[in-house]
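Next up: some structures, all given as structure tokens.
Each of the next two complexes has subunit A plus one other chain: subunit B in the first, subunit C in the second.
Entry: the complex of A and B
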């Protein structure tokens, strides 16, 4: 997509997001808030999957790190928003820095497996470190943040705009990163690691920095998630959540940033709306997984692009 | 001393169960590089089918056989219709197999409901041997025996037969194997079915031990992955040693550091990977 049409798409999307709340029921507004938070998470994973070509199966860990930071700090220490934000981001960055050392030794299937195992480390702690995380019961009654604004964030619409602001910040940061020379070098590494090395790039360091950024932004979504949900439990960090984030990225379209955001929105609405009408929503979600790969291997954005240009899609392939 | 013996025994018997589950997964990984999130579903559905068969016929051996065959057919269908075409596309494989895992999870709920069940085991296999202060449940010994039998048969087939040589050749280099006239698609299909078969055997056997219940699929899946990662993909020896390690680590971890028990399982694995990214016995 040329930058021009991308800008138009982005502007339309943001405008819709800004003006829609008064027209939505509180249920739909809640879902839209949730979609925004998951969009941040999916966009952060897109940095790895789309731009670096590294499919991670443990990205829910960062959602959990952010959310648990909020849960523990607010319910036990009465921490304010800025403290939880700082701790959440720092924790996610540190964990990503440690995990990156291990995970980036591998690519392809091995990278998938290693990130899965690392994600399970975080899940295991959430599940078993009861004195810190309260185990399977989770941490509940997390209060909404008080930023000293004239509008209470305990109410739906102000909190929605709060999350929208977070979304815009995350989108802007990631947008700047992927369009920067650094972001271009990530794409170069995805396409040919050896060529980038020959050109004198420190390939490992670039991947490592990309990995840490993805984790930190993921942690940011976790902080918002903790406040949004008022509750955090091991279910937020389980394997199924990690796979779901991957689905959002694939469904929306890899290496497009906005695509994964759209994918996140579709999945959040689908999950919640379908489960209103039928108990068989797992069946439908399963079909969406399979249908995405069979019918839209390049995702929604990819399909639109293909439609606009008549380009043949590439197979869904990450680096082996 | 008793504590150590009892915990080791428990760890080994859980490891034996994991070997049944992960042995086939490892071969599938090694040969086709397919990340199969459905493997845990094969285990759970196998247990459910076994449960129904035992309700209808009362025969435990028949339950194992029927469960395993039914799931092998399910696996074959999934492989032929979808996975075969996704070679080398990890993301596509993960999402497709995850889709199937969710569908199977829901079908399990529809057909067998949400209640946990235990598969009734034959009288010969119930009870326990007592040595001094120690009790060794017969059923756990049975699991170890089944795993040992499967390991020996798999080893003999892989090392001593023509088909085994073809499988090893395909694991080593599928392109070359095809070049020398081995029917790689057929071998791959067979190995995939074998993996599903063994996972279902594990499911039925586990049904008399930890039970059959919704959620067991995703509970056991990470364990199977860890075994494969630690042991190295495509290596039977790796799967065996990996299973024992994971079984023991899991047991002692839970006994010594209950709060950190999953951490004690997954962290050493991460450490092994940091040193050997392809696992203990895997080749890149």
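Entry: the complex of A and C
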């Protein structure tokens, strides 16, 4: 897909997101809000998975860090939105900086294992550091933010637009990053680390910065998540959540940025809407995953892009 | 044309005369109950028992509550708090339910309570037992018609010292609030009666291999007090026996360790286990015998406590709706009525709420025995009308922190 049609696609999507709320039932609107928040998280992971080629199984940790910052600061200290946002982002960045030091020593499946273990560290903290996180019970009664706007964010539609604004900001930041020379260098590293090194790039530093950005944006989604649910518990930082985010990226299409957002939308709606109609929704979700992997290994957006280019989607084959 | 009109009017007269003035709610459609339960995931079986219980009561009563048709909408929480919240939104905002019920796991209960308060739709908690929901963090719109985790443990702790004569006990409980609260309640009354908890072990929720914990258990104890849930309940007794502990240290525990939900999956290793709970399928009352018989005929298994509490939930909603003439649209009145419900002949015995909104009910000490090839929780002792505070004064009890991993502290470890 040439950049022009890509821009049109993006503009249509955003327009739809902007005008849809009045036509949706309040339940669909909450699902759409949830999808937006997960989109931010999935897009941030895409920076690692798609652009750097590093599949992480610990990304739910950043969601948790953001959400717990909101939970602890609002319920105990009555902090306002900007304070929680600053702390959430900072905490996510610092933790990503520390985790990056450990995780980036490895690639491939080893990277997967290390990030999994680091993710479990955050889960363990959420679970065991009871005086701070209230352990398994979680932190409830988190109020919605008050930005001094004429519309109360406690209501569905204003909060939706609030999250949409967050989504646009995150999308724009990530968009700029992946199109910048820095973003291009990340793709270069994914394709051939040794060649990039020979060309004189500081490969490790580039990866490290990419890792921190991914974590920080993930933390941002966590801040929104905390406000959205009004509740945070260790269940939010579980391994299952990390796996789900990874599936969102794979489903939507790696290295497409908008793909993971689409994937997040599909999964959120399947999980919450299909389960309303049938208790066998897991079967349907499973079928969608398998279908995607077999028929569109590049994900939904990847397949659309190839179709637009006139390239036949490659059937699944084993790669070395 | 004129003739036809007269026929219509005459017809309408007959109808009105025959039926009498229709009650105000007649045009309002069915009473909608939103029911949350885990229908997929690790706790799906428990969710099924819960739904079965409610379904059974409704079918026995012609799917009617206070004379109105009932529509139950079951939503799958997947056992996760965030999904439960989403489904709660759906039930209230899309389905416009009049009353909510169900839920499993303490943290789901804590997550839902503020949202329920925000929506101002009454919700019954038949299963979620986290102590603080009716102690230090009560929610106005939540009516707990189940129990608190530590409620059965309080009288049981003293009973173990006085009746069984055990003085030194090791506890092993699932490492989350339910486990802490069941163990905490036991420790408090057990130690006040002169017993000593000499060791506390906390395997994480979902542990399947208990060998590292079993080998640590101090052999100079008189007994072991275990709190297991779901899948762990199935595995623990067998491993306890295999470790050679069953013959040396009698096994006591929280009610869910030997719930009817797991008994069919257990073998002789479970025999002799003593646990307290608000219900036993082996209760020898006419009401319960009929309940167990009908439940078995319908679903092919013995009801667990999850089935009983949800069965009684159906009746609970009915009793409340009747007192306000079926006008469940008036949420404030409906909530007040739900809080006033008293049931004298539920399968588990008489129930009424205390001032804090938790049931005062019988606690049964049950011993696993084999009868006609099946395992049953034979009732060996009944504590009548126990409140969540048991013999303690509520004001003083509430001054202590909620039971946790570190409270009460282990003084004799």
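The working rule: the second predicted complex is superposed on the first by the 310 of 320 C-alpha atoms of A that agree within 3 Å, B and C clash if a C-alpha of one lies under 4 Å from a C-alpha of the other, contacts with A are read in each partner's own complex, and residues count from 1 in each chain.
In this text, contacts are C-beta pairs under 8 Å (C-beta built on N, C-alpha and C of every residue); 3 or more make two chains touch, one makes a residue touch a chain.
It should be emphasised that the depicted structure is a prediction, and the values quoted were computed from it without experimental measurement.
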Task: Kindly say whether there is room for both subunit B and subunit C on subunit A in the superposition, answering fit or clash.
output: clash
Task: Using the touch definition from the top, say if A:123 reaches subunit B (first), subunit C (second), both or neither.
output: first
Statement: Per residue count on subunit A, the busier partner among subunit B and subunit C is B
Task: In the overlay, answer first, second, both or neither for which of subunit B and subunit C A:11 touches.
output: neither
Query: Of the partners subunit B and subunit C, which touch A:110 in the superposed model: first, second, both, neither?
result: first
Query: Taking the superposition as given, does A:176 touch the first partner, subunit B, the second, subunit C, both, or neither?
result: neither
Query: Touch check for A:282: first (subunit B), second (subunit C), both, or neither?
result: both
Message: Going by the contact rule set out at the top, does A:165 touch subunit B (first), subunit C (second), both, or neither?
response: neither
Message: Contacts for A:31 in the overlay, against subunit B (first) and subunit C (second): which applies, first, second, both or neither?
response: second
Message: On the A-aligned overlay, A:140 touches which partner chain: subunit B = first, subunit C = second, or both, or neither?
response: second
Query: Looking at the overlay, which bit of subunit C runs into subunit B, 236-244, 326-334, 344-352 or 398-406?
result: 236-244
Field: Interface residues of subunit A shared between complexes with subunit B and subunit C
entry: 130, 282
Task: Could you please specify the touching residues of subunit B with respect to subunit A in the complex?
output: 29, 33, 35, 37, 82, 86, 88-92, 94-96, 98-103, 105-107, 109-110, 218, 221-222, 225-226, 228-229, 233, 258-263, 265-267, 269-270, 273-274, 277-278
List of subunit A residues in touch with subunit B within their complex: 49, 55, 57, 101-102, 105-106, 108-110, 112-114, 116-118, 120-121, 123-125, 127-131, 238-240, 243, 246-247, 250, 280, 282-283, 285-294, 297, 315-318, 320
Query: Considering the complex alone, what residue numbers of subunit A touch subunit C?
result: 25-27, 30-31, 34, 130, 135-138, 140-141, 229-231, 233-236, 271-272, 275-276, 279, 281-282
Field: Touching residues (chain side subunit C, partner subunit A) in the complex
entry: 39-40, 75-76, 78, 80-83, 85-87, 89-90, 93-94, 106-107, 110-111, 113-115, 130, 132, 176-177, 205, 404-405
